[in-house]
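Structures are listed in the sections that come next.
Shared chain: chain A. Partners: chain B in the first complex, chain C in the second.
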Partner chain A sequence: MKKLVILLCILMVISLMSGLVSAAETFKIGFISPLTGTFSANGMDMRDGVLLYLSEHNWKLGGRDVELIVEDTEGDPKTALTKARKLAELDKVDIIAGPLLASSGYAVAEYARNNKVPYLDNIVSADDLTQRLYSDYVIRTGWTSSQPMQPFAKWVYDNLGYRKVATIAYDFAFGHETMSGFHYVFEELGGDVVKKIWPPIGTADYAPYLAQIPPDVDAVLANFSGSDALRFMKQYQQFGFKKRFPLIGCGTLTDEHILPSMGDEAIGVISALHYSAAIDTPINNEFYQKYTQRYGRIPSYYSEGTYTSMRVLDVGLQAAGGIDDIMAFLNGIQGKEIKAPRGNFYIDHYNNPVQNIYIRKVERVNDQLQNTVIDMIPEVSQFYNYDPSEFLKKPVYSREFPPVD
Partner chain B sequence: MYFWVLQSINAFAFGSLLFLIASGFSLIFGLMDVVNLTHAIFYMMGSYVGFFIFAHTGSFLLAIIGAGLVVALIGAIKYRFFLLKLHGKSLNQVLLCLGFLFVFDDLLLIVFGGDPLILDVPSYLQGMINFGGIYFPNYRLFLIGVGVITILFLHYFIEKTKVGSLIRAGVDDEEMVRAMGININLIFLGVYSLGVFLAAAGGVFGGVILGMRPRMAFEILPLALVVVIIGGKGNIKGAYFGSIVVAFMDNFGRALFPQLSYFTLFLPMVLILTFKPEGLFSNNKIKRRTIT
Partner chain C sequence: MPAINNNSLKKILIALGILVLIIIPQLPVSSYYINLLSLILIFALLAMGLNLLVGYTGLSSLGHAAFFGSTAYCAGILSSHYGWSFLASSAAGVIFIILLAGGFGLINVRSKGVTFLMVSIAFGQIIWGLSQSWSAVTGGANGLVGISDPSIFGYVFASCTSYYYIILFVLICCSYLLYRIINSSFGLTLQGIKDNSKRMTSLGYNVFLHSWIAYIISGTLSGIAGILYAYYNNFVSPTDVSVITSAKVMMMVLVGGAGTFFGPALGAIIIVSLENLLSAFTNRWVLIMGIIYILVVMFTPAGLVELIKNSYGKVFSKGDDSNSNKGGDSRERGRSTVKS
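Moving on, here comes the complex of A and B:
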């Protein structure tokens, strides 16, 4: 009996040690995104971006072998959290990457903060994750929702001359933050946001909401994604609104994950985002070509987002060798120039990229819709032109802030 | 004023679309006591097949008829080889239908992929009509017309034709119809196929406005259920008025109290179930039958 116990102890020690040894060699990434359900198209783009980068680099990041474990969130925050815990506690991954929805992102980020598990946020854009809820363990390589919208407000004010705008967008954090970021800057410049309309996710018929657009606005600002964007755009045109009020939006409205399903209703829509598949630079053209060849569809900002997040990980691991010392890892990436299809950028001290924002206009080129870049605003911070500490004293952009007067 | 008129016309258009789904659902429920949960997926299947036909032929009419027939055939097969075997066992049938709902949903995902799609408005229905300053899309007015024609046709069919009288007799007392030597199974099959045809055609009409995407059936199903509860099962006129009422509640609920939009839709359902469980527009016959 005693022998057996000793034997078991030895076995345990050996298995633990082998675990430690292998952990030092292989870098484990736990990746979560919605691979089934309403948001499966976006989720698959996210996964494929990661796969493209890793296969291009022979499954090595910063000289270390990489193991990728992919889990499906089904677009549900509860499932996302369960899968994140599973990855961290059972699979003992070094970092969790993903998911898609802000609700899932908040859940995973909180888990990461409390348990000191590094979390690579490549798509979730909820403002506060790198602002008022900043944590060393939450590393964002994507964007904040209001990041493209603040400079876009100025661009619209200066270049399109609109003064009275109504907004219509998703009734959750993503919609609130994009619309209110625009709202804040637009009113500071002297423009007026006269009405904000909030349909929920998955609205079948937008007519009840469209009817609330005041008849005297210069333009309508919108933000939807996936099949919601598709239906919204079609119905906006069917009601003849497109001729009466020009449509502008956040870039996800016409992002490449849904653009191929759209038709003439999308043409002429102007939007802002940190990426467009039509950016004409050698690095993006190469990325575009490789991605299209491998997956048979054009890359969306989701594909580029996760692809580039792997580059950030690569740079960080090269500098720090691992991520167990989180400060060493952060020192390795913060302020360093990162090459990316979206254009080179660097990561600020709140772990969010400072990057170019592209003003894009949907055009039909070679019988295909694309987001033609018509202007570019370089090096936009999540705090826009404001001082970070002043900016953080404001409440986070929301349904109520800034208020419509 | 602009708001109210536009919203009212729109509610009528959306109600007409709902009616195409709910009429068959209600008929099948009333005649065969089958809560056909698969009905919503037949709607979706109609959308997808219609999209496929429209993309290849460019004919909207062909898309409607083609999708209707193809899906009705699938429905008939499902009825003949699966549902019929469980005749009279309502609970088992509900479970079977629920199973088909999931199976068909995944099959559609495999065949047509997960990308959301939307049908184009046929060229002759594009454009807008101007009612004294209120613009309204022609296509939605056309939908109102489709709803009216369908209710007139179904009303005539059920009230004035011999087959219709057999259906009514079947709703009232299935065993008596059997006892008179009438092959009611054939009538069941016919009504089931007709219901599925209407849902699939509705899928094509609705595909223009609502588009199509995986899991969509689960959003349509509650609406159809509410319509049947409000209108009373097996009652065509009830289904029409129920559809319009539900569309009005849904439309104005979303526009006026967006936070409470589900509340405004389902509260009336709960009230009706509590105080007039046979439905607002139901006749006494059905009431008697549900009690006995």
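Moving on, here comes the complex of A and C:
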């Protein structure tokens, strides 16, 4: 019993000491993502994207040696914040990268803003981080939730001819922003979103929610992720909804992190995102090959997202040499063409990519499900076709805005 | 004679402990450790509050994160939405939690044992559900942002060191208060209730009233920890209210030692630091924490404080009757802690 106490003491002393050792002149990246808990699959895809890029480039970015410190957020915003603090204050990292969930992203971004610590947001898509809460210290290389959904609304209106749509999605920022981004543009064109349904994260039984879908809609727009997406799609088919109302969605609904676990229920679902593993370009084919070879699974948008974020860091460091002067770094990346598996893009003055949005349809090819690209909308900004200053006068897309009438 | 020795030694140790806590931020350590220490102190206060119920009154609650988190939300919302000052929002938070704990307590304290536990979880889930779905006020699953830095009479406690001292000050005040409560006749009545509530009733004590007041005090201490936490993180999210947080605090109480005064604080030190330090080394840290919990429950079911006390008794008092008496019943253990 005494030994136990001694063991604990030793453990703590060792861990305290390890923090004091630090190397000089290397560029330190502190990476946080959920590696345990519900979202660990997504979190590991994120980590592996970073590892692939760094090992491809001999652990050098912009000519500087790179040290990577990985921490687990457990998918919990307060843990994410504690870990971000640890990375910035104890490990003295040059930049914090990650996490996954909007709630964690909001918490870390607030810390970054207040303490002037650069924050590389490669996955969190909460709209306002690069809109009304814009900060020089928050650099987003991923997307805003409404970014693919605004052009998707127009595409659906023009090409599928739907006029009446019901939505069903997560009851938190990610769900609200994707659905309401679609809603806003769709109604401006003359379409009608008649009902918005919001099940919480981790819903086991979607039947009571599906029962609320009005009988006269042309299609149902959905957004879930991970095991929630799996369950939703299964039940949507089991209850016979798939035959009655075609299913369209935000890309995460059929993202590659979950697609291999789906069956026939996914076939035919049309969705929009800035990436698909099935994009047929040399650069994506190469990325796909390398990733599959190394990790034994298909890259998801999470893997591509963090992989490409390292490229952005690479470009910025090449131009500015470091990130201590944040304006020099931003000048080095804003407006520059960045090569990526998702297709080349550039970063706007609000630190968010202007990029292609792919319209994808799930098909079975060689006995494997994939998101076949059926159309592409080039150079989509987070503000879509609106003027940024006009756009920012609107409230952020939310559960209440735009309202269902 | 050894009793007096013991007592003065204890006082010296406590004074030394406080001195160390005051000096640490003045040493050239990374601000991370000061932040971590702040977090430990906050959870120590939360665990000591819970201990009054679990360790001294014999009511195991798994709903204390609800008190902790809802008060954090209350103070945080007043600060971020309405621009209230640190002191005003804290005062409002304390009033809020006294009312809330009083209301919940009226229902919860009517039950005992497993039923009490289940009702406390239910209350916790109500608060959790509210924090999750009342997004216009709480920010929903995104969490509540925009809580200002604490300031008192114009002086802003922006640095982690200055805020650390506020936390330390509050913790010392609350601990002293708790110590007086536990050693008062009220506190002894609570321990009587824990050991045999029927006998206490037949002796003429109002068991319900005593338990209810203990419930309110316990909830209020957790709430105060919640206010400190809201201003520490400048952020509150539904996970702070969840049953998982409640369970974590319960583990702190059990690992340190339920029914011992400093046990929960020791539990908070061990669990918060291990959680944060282990996870830097391995992804399997959750597993290691689990193994540690199992080991503690297997080998020192009375908690680490009891373990330390026993080994201390063996070394110094050479078989002093009360301290090395491992097999004593819970009442005996409780008493000896309070008196020594």
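Keep this in mind: the second predicted complex is superposed on the first by the 381 of 405 C-alpha atoms of A that agree within 3 Å, B and C clash if a C-alpha of one lies under 4 Å from a C-alpha of the other, contacts with A are read in each partner's own complex, and residues count from 1 in each chain.
The working rule: a residue touches a chain if its C-beta (ideal position, glycine included) is under 8 Å from a C-beta of that chain, and two chains touch if they have at least 3 such contacts.
Just so you know, these numbers come straight off a predicted model, no measurement behind them.
Judged by the touch definition given at the top, the superposed model places A:Gln238 against chain B, while chain C stays out of reach. By the touch criterion defined above, A:Val373 reaches neither chain B nor chain C. With both structures placed on the common chain, the touch criterion links A:Val404 to neither chain B nor chain C. By the touch criterion defined above, A:Asp171 lies against chain B and chain C together after alignment on the C-alpha atoms of chain A. Of the two partner chains, chain B is the only one touched by A:Ser261; chain C is not. Of the two partner chains placed by superposition, A:Ile283 touches none, neither chain B nor chain C. When the two complexes are overlaid on their common chain A, residue A:Leu160 makes contact with neither chain B nor chain C. Between chain B and chain C, it is C that contacts the larger number of residues in chain A. With both structures placed on the common chain, the touch criterion links A:Asp205 to chain B but leaves chain C unconnected. Overlap of the chain B and chain C interfaces on chain A comprises residues 171, 200. Note for the complex: chain A touches chain B at residues 37-38, 40-41, 171, 198-200, 202-205, 207-209, 211-212, 215, 226-227, 230-231, 234-235, 238-240, 258, 260-261, 263.
On chain B, the positions that touch chain A within their shared complex are 2-3, 6-7, 10, 14, 114-118, 120-121, 128, 135-137, 139-140, 208-211, 213-215, 219, 251-252, 254-255, 258, 261.
Taken together, the chain C residues at the contact with chain A in this complex read 30-33, 35-36, 39, 132-133, 135-136, 140-143, 145-146, 233-235, 237, 239-240, 270, 273-274, 276-281, 283, 285-286, 292, 295-296, 299-300, 304, 307-308, 311. Partner chain C is touched in their complex by these residues of chain A: 1-2, 4-5, 8, 11-12, 15-16, 18-19, 35-36, 69, 71-72, 76-78, 81-83, 85-86, 89-90, 102-103, 106-107, 110, 114, 126, 171-173, 200-201, 399-400.
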